[in-house]
Amino acid sequence: MMIVMKAGATEEQVKHVVERLEKAGLGAHLSQGEFKTVIGVIGDREKIADLPLAVAPGVENVIPIQKPYKFVSREFRAEDTVIEVKGSKIGGGHFAVIAGPCSVETEEQMAKVAEHVKKAGATFLRGGAFKPRSSPYSFQGLGMDGLKLLAQAGERVGLPIVTELLDVRDLDAVAEYADVIQIGTRNMQNFVLLLEAGSAGKPVILKRGFGATVEETLMAAEYVVKGGSSQVILCERGIRTFENSTRNTLDLSMIPIATRNSHLPVIVDPSHGTGKNYLVAPMSLAALAAGAAGVMVEVHPCPEEAWCDGPQSLDLESFSDLMAKIRPMAAVLEREI
Amino acid sequence: MMIVMKAGATEEQVKHVVERLEKAGLGAHLSQGEFKTVIGVIGDREKIADLPLAVAPGVENVIPIQKPYKFVSREFRAEDTVIEVKGSKIGGGHFAVIAGPCSVETEEQMAKVAEHVKKAGATFLRGGAFKPRSSPYSFQGLGMDGLKLLAQAGERVGLPIVTELLDVRDLDAVAEYADVIQIGTRNMQNFVLLLEAGSAGKPVILKRGFGATVEETLMAAEYVVKGGSSQVILCERGIRTFENSTRNTLDLSMIPIATRNSHLPVIVDPSHGTGKNYLVAPMSLAALAAGAAGVMVEVHPCPEEAWCDGPQSLDLESFSDLMAKIRPMAAVLEREI
Amino acid sequence: MMIVMKAGATEEQVKHVVERLEKAGLGAHLSQGEFKTVIGVIGDREKIADLPLAVAPGVENVIPIQKPYKFVSREFRAEDTVIEVKGSKIGGGHFAVIAGPCSVETEEQMAKVAEHVKKAGATFLRGGAFKPRSSPYSFQGLGMDGLKLLAQAGERVGLPIVTELLDVRDLDAVAEYADVIQIGTRNMQNFVLLLEAGSAGKPVILKRGFGATVEETLMAAEYVVKGGSSQVILCERGIRTFENSTRNTLDLSMIPIATRNSHLPVIVDPSHGTGKNYLVAPMSLAALAAGAAGVMVEVHPCPEEAWCDGPQSLDLESFSDLMAKIRPMAAVLEREI
Amino acid sequence: MMIVMKAGATEEQVKHVVERLEKAGLGAHLSQGEFKTVIGVIGDREKIADLPLAVAPGVENVIPIQKPYKFVSREFRAEDTVIEVKGSKIGGGHFAVIAGPCSVETEEQMAKVAEHVKKAGATFLRGGAFKPRSSPYSFQGLGMDGLKLLAQAGERVGLPIVTELLDVRDLDAVAEYADVIQIGTRNMQNFVLLLEAGSAGKPVILKRGFGATVEETLMAAEYVVKGGSSQVILCERGIRTFENSTRNTLDLSMIPIATRNSHLPVIVDPSHGTGKNYLVAPMSLAALAAGAAGVMVEVHPCPEEAWCDGPQSLDLESFSDLMAKIRPMAAVLEREI
């Protein structure tokens, strides 16, 4: 942390800041500029984080230098984290394809989707049983019944399953059936849920909050790790901007940025990230080209009859088409599906 | 809902959409433009909400016409909701002043703040016991001990207390001590928590998500009402934008917009909304002038020693100065404190 | 400027940066942290501005310390700049009310508006003759004819006039008629136009770009000053955000921020800033309460027949109502209209 | 255009709106919903564009149905526009690589870059002679001298050149030397400049404004076409969002969206779009995968000595590396460089 003093700060004010730092067990290093004094702070991240020195008299600005996360950083672990579930891998050159409907509807729907995406090359099956919906008047998911249908469909075709956890009180039940637990965008800073999800002993897909920075996403991942799991998969799914021709603005730059600063794999959800089915294929390919460790794609046998998020779902044929484009590009990039 | 067909849509495609609507128990009304056909949908909000007709063949766009919320709307209830707790009122011409530290630290700190803000004219005492922090390395609050200290300080000076609920499992304990339950910005779309908070029989302050629109905030309030409480107070606390000289961009337009569309009172948190102590006073006055039903302001005996959010806290004297400016302006506007 | 070296930066890399600074005529001051070295740069703003040291080997980050503007800063001039045109004042406790139609349409329309707003208490008359429109199919303004109609209406009622300059080639003509030259939001970083506008010897209203930060707005003002005019009025008019219930998000925090960092007056345009007539009055009062030096409001005798921006224009009666609310609040705040 | 009336709108209010439409030479088509009446408007885009019916009594909302642009739309021209300059092509399956320094500095610098990028496979040479800079204290470009150096370097290696036009008064001079005229992000809504640039008889690269939507970018392109040129190349270069780890957020979704709605080619500038050299390669590949018609990349012999934008420039070797990755991926995608 660097503390920049105002142009006219007095010696006394500088001394006061230095004393406050020393009282907190931190070191201070003065740098006298032409107009301004800058105080470098030396010591533990934990001690530094909460010091409100921005309001000490004579202080103009406080600038953090160290990254605010630790266990998820590349500095903590240099090699890529590779996550393996029932033979399907994410990270370290492995490109995961997670496919399935927005929400689990019926046994038949799940059977149809599961068979098709497995055959087309998907490596994980997804489906929502507990659905967070902006409107209380929208379908809220089938709950535990949906989860069981999902698990059954996954087992039948031999694909590990991914589903969202909404309520800490459902943790045990969800962990019993799900292979990978998903934390949704609206809960990215539900720290209670993050800690619990981390404690389940399962890999966790952490979706970036649509209002969260890449750095905050990494800090949220740090909570999951603190909760007990080092198997975290980051997921870019679009952020809120002024652009209104897409549901969200898919921020693909997150892939190389997070990959540079963290050892965790980064996947992309182009379905929620764009909200439009015709954008899913080009954005999936772009994600692969930008270095993503996988994509999560919504697939439904009949999108116009989907109970949820139809407009952004691929039908079965379009998903096969997408896989036919992903394969040769992955080969050129030396990525394994 | 209006369904706009593409310029070249066939009669068959139009017919298909109409059939889908009728199958869902909805009426259809065709409007033939020069280039495009528009289909008006007639029927229940609940039935309309989930129809994924945007992906039906020939459809260009689906445009909602009805508001997605009901119980919180002005159409449902024309008069302002006025909330009264132990004699302090919010809404309907009453301007509430909610003041107190970001986090409860010690008995002495709370006693000092409580006495001072009460004397200066505050009508509620606030304080955080369970703190949602972006970093797991930041102070996370004193928990139940903090809540008890807050309740004790409030009781001593005769002010109702406001505190944040983070975990559904803490509901009973929080409801036992708190007069008003606060839902934080990061949990605005934690629908599980919204429903539970609504069930506690206490007024709920719902902070707008920093990535949420005004409409989504009203939809989140609808969840609280559905949970059981009609005593919801909306709170603007800044949204995420590209502007970086403030922590968030305080969107004061929310006040007249939400007040026009909803009967719920709207208050403003200029401390989180700006992140800088010198902006708290001008933005509080602006909130009052724009028609807010109150402000929620962070006050600390010594901001530069605060365990949390010091840079945006007022010290005791600055809070008194602010109250001295609020009073005459409230008088001119015929608002009661 | 502070240059933060990476955790593993070598001595050689540090030396290289220091040498680059010295070669550019700048001083370097090393600060050795526990993990990282920080190099403070000492010297002229001009020399520092363009150094691309972020890509020198071993550099992690480059952090500016000095403000990037000079003549518009409070440090350069401590007292408020007060601008006076034909007896009407802006700044230093004077609250200006600039009113008039979005675009000049007819002599009759201008006469009606001018008379009414003058009587109601406006201190400037505005009107667009050259209109920047997002669509080439929208009305583009009456040009020089419009400008003459505006000037004539202003003269008749004794109000100085404000109009927008779009094209550097129109400068002389516009400067001949206008009392205050306006630079629109879309041209805030049209640096060619800024320099020319500054050379005309007239006060300049500089509208903040809807995608520009407060700091960039001050830098744009610095261009106008460099062009020759120290009479610059900053104008907040809303920024682009994800919120879609308003045309833009009016960022009233800009008022106290810019006022703290600059001696220039800051006014607010709630018409463009919100896009809705019913938000103009509450946001005007909020601007006044937050410390604005004035408001610029669109007024039209019959908004639903306006050739441009009708939905955000006040009719004559609503403008009178607004003035009736502004006056007592200005009195309480000890501001002069 | 659809006009949605309020729930309680009277027959008279509906009649009033219909009369206003008819007076403007437009047709009206009523659609009576359960709660609300919707009026469909039939007629010319030009006549509809400016009608301020949102403020007519009883009107709740006005919803545009037609696209606000015409000549640049796919509906106007179904086939891709392919632009060819001195043998280099953009659009219709041709992938252009535009490379060169942010600003022209010296003859030697230009010679070095031009030779290198040509050999590595670039198809256009870029360089800034007139530079729009946020700060008046930053280097503003060499002007005409720079332009001549650029033209000379392009000619020597046989690459057509691209350079930015800032001032309408420079049009003839710039058009004499440049093969392609660039309009910068800050001038995307400088409509005067757009019309003039369109009149020069040269292809125009139109950079998206960092605060502009895709639709507004297409409307700006419509201005260039109206000015006289149908040879417009759209360029995505990042938009302003809250994310602060990149200079801007590169919105790659623009590629498939604009390509679907317009026949114009869309290229991407990952240098400005990210602001960081290590993001240029992954984002270039992602742009190609998403369907871009080209990339524009900043290349400098020694980025850390660049007079402008060094941190986002590739050095010569990195550019060769990038080309080595682009080629096989273009082959897989059946794109020609």
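As written, the chain order gives the labels A, B, C and D, with residue 1 at the start of each chain.
The rule is short, and it goes like this: a contact is a pair of C-beta atoms (placed from the backbone, for glycine too) under 8 Å apart; a residue touches a chain by one contact, two chains touch by 3 or more.
Predicted model, so just to flag it, every value in this text is computed and none were measured.
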| item | value |
| --- | --- |
| Farthest chain relative to subunit C (centres taken as mean CA coordinates) | A |
| Selected pair, greater C-beta contact count between A-B and A-C | A-B |
| Inter-centroid spacing, subunit D versus subunit A (mean Cα positions, whole Å) | 31 |
| Rounded Å distance between subunit A and subunit C, as computed from the means of their C-alpha atoms | 38 |
| Between subunit A and subunit B, centroid-to-centroid distance (C-alpha), Å | 26 |
| Contacts with two or more other chains, residues of subunit B listed in rising order | 211, 239-242, 244 |
| Of all residues in subunit B, those that touch subunit C in their complex | 211, 213-215, 239-246, 249-253, 255-257, 260, 274, 278-279, 282-283, 285-291, 328-329, 332-333 |
| Subunit A contact footprint on subunit C (complex, rising order) | 2, 4, 7, 27, 29, 31-36, 38, 40-43, 61, 63, 65-66, 75, 240-242, 244 |
| Contact set on subunit D toward subunit C in their complex | 20, 45-46, 49-50, 52-56, 68-70, 132-139, 166-169, 186-187, 189-193, 209-212, 216, 219, 222-223, 226, 239-240, 277, 303-311, 313 |
